[in-house]
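Consider the two complexes below, in which subunit A is the common component and subunit B and subunit C are the respective partners.
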Partner chain A sequence: MKPRRTTSPARPRPTPRDVVGADPGPAFEITFDGRSVAALPGQSVAAALWAAGILAWRTTRGGGRPRGAFCGIGQCHDCLATVNGIPNRRACLLPARPGDAVTTQEGAGRADLAV
Partner chain B sequence: MVGAACAHYAARAGLSVTVLDRGPVAGGTTGAGEGNLLVSDKEPGPELELALHSSRLWRKLAEELPAAIEYETKGGVVVADDATRLAALRSLAAAQSDAGVDAREVSGGQLRELEPHLADGMPGGVHYPEDAQVHPALAAAHLLRASGAEVRCGEEVTAVLTAADGAVRGVATASGARLLAPYVVNAAGTWSGEIARMAGVRLPVLPRRGFVLVTEPLPRVVRHKVYAADYVADVASGSAALQTSAVVEGTAAGPVLIGASRERVGFDRTLSVEVLRRLAERATALFPVLGGVRVIRAYAGFRPYLPDHLPAIGPDPRVPGLVHACGHEGAGIGLAPATGVLTAAALTGSAPPLDPRPFRPDRFPDPCAAPDRRPR
Partner chain C sequence: MPTSPSDPHRDASGEHAVRSGAGVFDLVVIGAGPAGLAGAVAAGELGLRTALVDAAELTGGQFYRGPSPALGARRPEALHHAWSAYADLRERLRHCPAVSHLPGHHVWSVVRDPGHADRWTVHALTGPDGTDRAPVRLAARGLLIAAGAVERHLPFPGWTLPGVVGAGGAQAMLKSGLVLPGRRIVVAGSGPLLLAAATSLTAAGADVPALVEATGYLGYARHPGALAANPGKAAEAVTHGGALLRHRVPLYARSAVTAAHGRQRVEAVTVARLDRRWRPVPGTARRIACDAVAVGHGLIPQLDLVTTLGCAVRPTADGTHAVATDRSLATSVPTVWAAGETRGIGGAAVALAEGELAGLAAGARLRGAAVPPARTARLRRRIARLRSFADAMAAVHAPGPGWPEWLTDDTEVCRCEEVTADRVREAAADLGARDTRTVKLLTRAGMGWCQGRICATAVACLATRYGASDAGPAPDRRPLAAPVPLAALAELPAESGPKTAEPT
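Moving on, here comes the complex of A and B:
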């Protein structure tokens, strides 16, 4: 990480949204493990979670370790989440929709099928 | 896998072995398999004897090799979906029992105890506790490492070198190397016919294509290797036309593998949506729970098929020094250890542990036989 500039300007640093001049429309609500999270139209589930400071929403199958977005472009499958009850959704590709219920995915997220 | 087993048992017999592979380890026939070690799908005869012998050898190898090969004695369950198929399955199981296979008939109710997700209304089946599974690529790689043989990947054989008397002297490779050896073992899987041709003999190994569907990772949903009773008939068929029967099994890593299709279309790797559709349809008929599970990929491979469904194992009398170990169709992983032992016995002139004559590589009549050029 680059060291922070010591002569920081008075105004806040621009966000990517400011840089491209985006006007996404009004925010809506999704939930993460029951807690309210704000999302913008067009934002992926992973982006909305990150913007709320949530970095992990899955545990690994073997060691139960936390996982969230890694590649961010749909390739690595690290960001799998359970969305509206369906496991293994790639949070980095899935657009957030009003009312989406995202829940932490434990392992394969299909414990109900185990025999 | 067959090549790795030949290297392993030949090296163990005291021979100096070099393994040449034109690609990476398990990059051809082995890597496209499911790693099945089956006795259940074989009718009594030479192939079943080879499978039973291999099954014992795999148990020993599993003790010697790292756990990473994912050897699992999960057992097989063959399911009949109607009374006619159940009767046929029952008589096959009786004949297999007489040949030394542990085959236990189970009722419809017992099937559900073995496989709780199985579809309703199946009249019965047979449980084969000896059926097992390995991870084919990892098993081949670890067996090769354990053999101590010199392994050269990315080295393609371009010619079999022969002396004036017709005997093998070694091989030449695409990199220009010439490896001199008194024996050459042809274990090139589905491409073994080409190696035979380089040595001037005909071995009619043909590719029999199969697709496998891979689901998203799941907890243990399918406990055994489970397949429909018509699979045995498909395996034994000589038809070139498409055949599909449901074969479903879990893996240590989580995904469920769904096969099996068979068709003879040469080395065409084109994805066939029709085949994938049929595989999915048959698998969900057997396990309705899979209808709510996503498939994340599919792969194709080519089984090395010989017209009588038996492998070619042993010295080729037409070319002294040439030994074949190929043509195991879809059973090469399972049959590899006994094939390796038979090959090592042929190379060292020691007594084979079972009769190798049904696997003679020169048993196929040449349809366009020219007068024999070679002195005998």
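Moving on, here comes the complex of A and C:
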């Protein structure tokens, strides 16, 4: 366990959009707990929240602890959010739509999944 | 390539569509990753009426996961290797009228059609997250299961903090949504996916203050034959290595993130050296500041569907299970084939070759199609070579038995049900649970939303460690391959299958 880096050489910091040469349509607004968040067409709800620096949008049923996306591919269900009043939506799968109101899902949301 | 085989037929209630009017497919391919895509194209080009079904909106699976077209990426290949193989398959799919691509279809069950012993009924939920009110049934004479893998996770204190994400998850979110979980991302765990993740995260502008790998990459040197036979794989490693050097990513080999720290989100990690058994070496811990962690300990074949179908499985070099097949990739259940990561973790190249071989085998079996023996032989050779390399890597990166030593009593093992290591220990050691299943019943570990997909490895490993005897990580039998609203279950016909049109 040797290597240590102390300073980072100045380099222009690319963005994910630069790397793939993305030219999306105009951003639109969704809200998270009432706060305005910009989303790009084609992004999932989770991606739009990450882009805004938001990493948690659910609290657990037992300890009330914050959670957000973990597996990124629809498997873990940690990213469940309440979207437009409907709980238990997997934010990593759900495309963001203009005007979507995302709210922190507390606890179970609603127990309607047969698992 | 039509996007749906016919107009959905609405039932009396007008509520949910059943694709019964579509008739019977020769082959339903489940999973449109490299394996499923290659399989559907091969079968379709032989004239098989094929449905290519995937939960995702786009083909490509995990490896060729790309941004939604609406993001207007001019160079989606910039975050990928070997994009041309994918572009070629997509083109062939477009020109193959025999294949219907059904995106946004989450298959939750596959059963034998009670009315026709030689047919399968595939049940799927629809919509981006499977919540559209239009469950679908497909009838098929054969199935190709190409469902891929899920990431293997080993818990550590703090791994449930926001900002700690799967390494594959970070890749997936980056490739599909062009986003990062933070700006200073520690990449940790074990396996070749970590190199790929660190490379793309740095390319996309993140700093990676540490790449923490539990084994030494020198382990590959113990398998010189497999390395020499796979120059492409060595070149891939060199590309990743070069990119990481250029970005000055420090590699901590034989080390692990043994804790993540922070209050509302991760702010730092502890990295410690590991001994050969993956036990943290006292006195070697150091703290590294970060605002995200991308962590994963390799991949596990996704076996939900094959185990409910009753297909035989085999143990793998890295302690998991994969579906067993013959050399034509037929499973133990007639007319069910498997390809790609479902057959064992092997990477995209082997998935492409196996998908093609399985598609050809299905064509020969279901339609009597003539397949040039040279083509089959070439694929078999390629698969054998790539699999030997994959097995060598799997053996190198198999988790050591000492990892539970970095757990604390209150480390959550099951994320969904918030079950701590202490409660798993209590169930196995004090309450006398003799097998993993009893541990799960006593603690609810692995019985939450994800049905143990994330924690099964860890729970089985801890249960044995603390006294359960048969905890051998036999693949879980999950009755449902995707979460299903109770309403959809209630609407299932009690007895017979859907009315299907005559075989084509």
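Note that in this section the second predicted complex is superposed on the first by the 99 of 115 C-alpha atoms of A that agree within 3 Å, B and C clash if a C-alpha of one lies under 4 Å from a C-alpha of the other, contacts with A are read in each partner's own complex, and residues count from 1 in each chain.
By definition in this document, contacts are C-beta pairs under 8 Å (C-beta built on N, C-alpha and C of every residue); 3 or more make two chains touch, one makes a residue touch a chain.
The model shown is predicted, which means the values in this text are computed figures rather than measured ones.
In the overlay built on the shared chain, the residue A:61 is in contact with subunit B and with subunit C. In the superposition on chain A, contact of A:21 is made with subunit C only, not with subunit B. In the overlay built on the shared chain, the residue A:107 is in contact with subunit B alone; subunit C does not reach it. Counting residues of subunit A touched by each partner, subunit B versus subunit C, the larger count belongs to C.
Of the two partner chains, subunit C is the only one touched by A:50; subunit B is not. Taken together, the two complexes place residues 61, 113-115 of subunit A in contact with subunit B and also with subunit C. Remark: subunit A residues 1, 3-5, 8-9, 13-25, 40-44, 46-48, 50-51, 55-56, 60-63, 65-78, 80, 89-90, 92-95, 112-115 touch subunit C in the complex. Across the complex, subunit A is touched by residues 115-117, 216-221, 223, 254, 289, 293-294 of subunit B.
Within the complex, the subunit C residues that touch subunit A are 55, 62, 67-76, 78-79, 128-131, 150-151, 160, 162-166, 168-174, 176-181, 203-205, 207, 209, 248, 250-255, 264-265, 271, 273, 284, 286, 292, 415-418, 447-451, 453-454, 480, 483-487, 489. Per the touch definition, subunit A reaches subunit B in the complex via residues 61, 88, 107-108, 110-111, 113-115.
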